[in-house]
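Shared chain: subunit A. Partners: subunit B in the first complex, subunit C in the second.
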Partner chain A sequence: MIELRNVTYKYEDHPVFQGISFRVEKGQKVGIVGESGCGKSTLLKLIAGLYTPASGEIIVAGKSAAAEITKKVTVVMQSPMLLPMSIRENITMGHDYPEEWIDMVIDAANIRSWIDTLDKGLDTYLGDRADELSGGQAQRIAIARAICKNAEILLLDEPTSALDGENAACVLEALNRYAADKTVIHVTHRPEHLSGYDRIFSMKAGKLSDETAGVIIYES
Partner chain B sequence: MNHRVIRILKELGLWKTFVIVMILRSPFDFLNSVLNANMLESFIRLTDQRDGDNLSRTFWIFLLFTLLLFAYNASIWATVAVKTDMMLHRRLRMKLLESMLSRTQQEMEEYSEGDWITRLNSDVDKVADYLTAPINFMHSMIAVVNFVLSSVILIMLNPTLFGVSLFLMIPFFILSSIVIVKNIPKFRKNAQESFARYTNWMEPIIEAGDAITVFDGQDIVLDKVREESEKIMRENVKAHRRTAWSLAVSAASGMTGYLLLLLIGNSMIGTMIKDFAALIKITQYRGRMMMGVMCVNSGINNMKSNLTGVVRVDEILKAETTDPG
Partner chain C sequence: MSVLRILIKRNRIWVAISIILSLVANLTNMIYMYYVGELVNKIEERAVVSMAFIVLLAAFILLSVATLFMNQYVGRITAEKMAHTLRIGYASKLIHRSAEQGKECDTAAAMSVAQNELAQSDGYLTNTFFDITGMLFTGILAMAFMFLQNVLLTLVLLIPTLLILIYVGFSSRSLSTIVSAAQDEKRKMNQAGFTTVHAFPAVKIFEGEELCKKAMDERLVSWTKHQTKVGRFAALYNTLSGILSRVPLMLLLLAGGYMVIKGKILMGTLILFLNLQNSLTQAIMNLPNWIAGFKVFTTNLSRIEIEKRG
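So, the complex of A and B:
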């Protein structure tokens, strides 16, 4: 489902990864833990097709071209990355989805009760007011957007890092419910968010280890 | 002058300097009018009298006065006016930045980032343009002085010609400077607000680039940005159209000069006009009067456009001045 074959990635001529290889099977839930700045977000962006490796190959759902890979994945980033348009447009990103699907998405992302309090509901223009949303509200819109795309693979990059305990729990609950039958790679520095995951990778001092299997996948 | 502009100038400590520059510059057009009218009168009279010696002396005298006048005007422009313009830009930006920095985060969030950027750049430029750019307030004031003093001379030379000129001028002026340009500030304000929203898109496009790629949002983002860009263009075109109409009406009023000569030609055949040279002189003053009105008309157009920036800058400075804390 996701396979990295001898991937090398450089940032301004400095190698971040050199010859990294691993494979994640369809439906598996993989967590990657590690301190800030160790390269785990970079790894996730490589898998998402947002970065291009200097050498090696990344195959996601049978596709290897970056433009094709991005179609197969959906992501929730650390920052919700909302745009100055309506909540609906932020969720659908301008694509046509049936109203019933959007309804389901709102329920799945746990934003129904909040949306119902807004005068214009889903058509509320975020625009300049995007900053006025709480972190939890903004991140749940980002989750709704990820759910709405309904891709086979869900990539999570510290989706709860900016949230307090209660909001984080709420966001994680929404994500776990949606991701039950998806392939998931979840990058975090909090291992407690990865309970029930099939494999936990640890990234530390240039080394990527599969903690579950007790093997070192990559060492720089 | 608009009360907001006066408040801004006082706030920046430039009120007195600006008034001095204005006083220094204001006689230029009128002095130029006097020089031109008298030069033409002398030229025609002396040519008519075939007085070559005096014609040559007159040439040198007028050349000297013309050079002195232009040297005076250029020195005011190049030194005092440029310095004032620079001080205006610098102090205005500093004042706005001070105002921004003295605000709480909540107060800052009253305006979007794009709005702040627009106020700090485009709006500041509009304030400066209102005050010092060509065919704005400064030129309008010079034109008013020219109009008033040329009118006084024309009244003394030929009250009938003055009366009829004014009578033909007023409807054009009202139509052009009041009726047609009335909505220009509204169009410019809409354009500035759209510009602020357009600017607002730049940061998300950069920061949310990954999300736009993953969620295939390029089309909607381009549509939204294009929408804002088109709004700016639409509102500016509306304002431009009004300005063009106003200028066309103003130009048409210039044609009234020919009508005027035909209309009162009969009364001129008598004792009113001594000779052709005198006729040239009074039509010169009438022309200068018209020129003053046209300049004021164009100045009003431009000032109306730039007033949007003045209002938006004043909003920020006023909020800071009236803050009880």
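So, the complex of A and C:
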């Protein structure tokens, strides 16, 4: 369960949210659409515990301290944010996972066949050659990383915006399969990617309205 | 086309003026030295020093100072122009690339290039590039000038100098390999730093702080090792070449002194040679550093893509 109560957030003197409230039940799949700059990424970063609100309260899976919240979520961002390290390190981020778990993750993220073509497989270094990766490969590594953490809440911030149609479909398919029993908030500018979602919100200038019910959830 | 060639081509007028000024400055300086030698010769021979000679000498002193000033001044401007072409070229490449591919440019990589390759090339261009070309000119001109004056004495100077050049060729190659390895380490280290900053949200969410810290520590240690090696070898090679550089001078003093005593050459000619050998040996002794520096510079340039149009 995710709940924002009367949350205010601003960058320096640029206010993004002024008392926003928002609630997502456990296991629900929620989509958010809206023009760029309206605050979608900021909302996800707040829910991920990357930012602390100026006022109001954020409760994610029963936790409200930012550091605790971060443990409960896993995120795929717009850009893959890979590090100059091996594929394995990019997926596990240095944590110890059982080899079978990593195997499962690789299948779930749809990168098995690609990794099998690499001489060093999972230990291929992604430093200087990071630009030799295709956008799809890089983003699927990011997805593998998100799946590997296996948190109960999955936050997606336009995970396919840098990909072409075929790659986007492939990445989405991998994500949906994994997310079947998770709570999901998916920010996208392509509503067709939200089919089968429980609720779809549209965001405008830091305000959310529930498109599924046609009700404005919050108005300042 | 290599980036350096583009830089030179886009600023060809300035580069041409710099080169011409460098030649003129060197020539006037040498002619001035030549007249000083002549003056000593005249005094030694108790010959009459004409008014015209004094005026000529004074004129060349002034001319030499003026052209030296102009040379440095224009050299700085040209270097700055080339550095500017490089920076702007890189910036417009970034803009074009992201416009063409319709995707955001990789900020971490761009920042890393700006802080490393671009900054270093920039510094090299403005601080070193034209000083080096100037000194190389001086060396070559000095040698040509000496040949015109006295072939035997020039050979006495040149043969040990050429031997030193071979040593220098060896040491500079060895040094530049070490330097560019260290440079590569530094680039990797900075790249790791920048990428970590860029990917910081991911590092936080996936609790990768330990991993990043470890990776950066490893990079730092590795870079420090390379850097120490560079320092050690540079010191060794420079000390050796410093000692070797005295050899031509000693030989010149011995042979030249003997020739003066035997009346084969005049004192003024020896003084002229002593002055010029300084330019020559200085140019040759500095070659290892210059070649290493130039290699680093061109490696840096090869990593910077600049916009080739416009």
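Worth a mention:
Keep this in mind: the second predicted complex is superposed on the first by the 216 of 220 C-alpha atoms of A that agree within 3 Å, B and C clash if a C-alpha of one lies under 4 Å from a C-alpha of the other, contacts with A are read in each partner's own complex, and residues count from 1 in each chain.
Throughout what follows, a residue touches a chain if its C-beta (ideal position, glycine included) is under 8 Å from a C-beta of that chain, and two chains touch if they have at least 3 such contacts.
Worth saying up front: this structure is predicted, and the values here are computed from it rather than measured.
Superposition of the two complexes onto subunit A shows a clash between subunit B and subunit C.
Once the two complexes are laid over each other on the shared chain, residue contacts for A:T74 go to subunit B and to subunit C alike. Within the superposed three-chain model, A:L50 lies in touch with subunit B and with subunit C [touch as defined at top].
In the superposition on chain A, contact of A:M104 is made with neither subunit B nor subunit C. In the superposition on chain A, A:E89 makes contact with both subunit B and subunit C. In the superposition on chain A, A:G135 contacts subunit C only, with no contact to subunit B. In the overlay built on the shared chain, the residue A:I59 is in contact with neither subunit B nor subunit C. Stretch 219-227 is the one among 57-65, 165-173, 219-227 or 255-263 where subunit B clashes with subunit C after the superposition on chain A. On subunit A, the surface patch touched by subunit B in one complex and by subunit C in the other comprises residues 45, 48, 50, 70-71, 73-75, 77, 79, 81-85, 89, 93-95, 127-128, 131, 142, 145, 149.
Taken together, the subunit B residues at the contact with subunit A in this complex read 109, 111-112, 115, 197, 200-201, 204, 207-208, 210-217, 219-221, 223-224. Subunit C meets subunit A in the complex at residues 103-104, 106, 109, 188, 191-192, 195-196, 198-199, 201-208, 210-212, 214-215.
Put simply, subunit A touches subunit B in their complex at residues 45, 48, 50, 70-71, 73-75, 77, 79, 81-85, 89, 93-95, 127-128, 131-132, 142, 145, 149. Residues 45, 48, 50, 70-71, 73-75, 77, 79, 81-85, 89, 93-95, 127-128, 131, 135, 142, 145, 149, 162 of subunit A are the ones that touch subunit C when the two sit in their complex.
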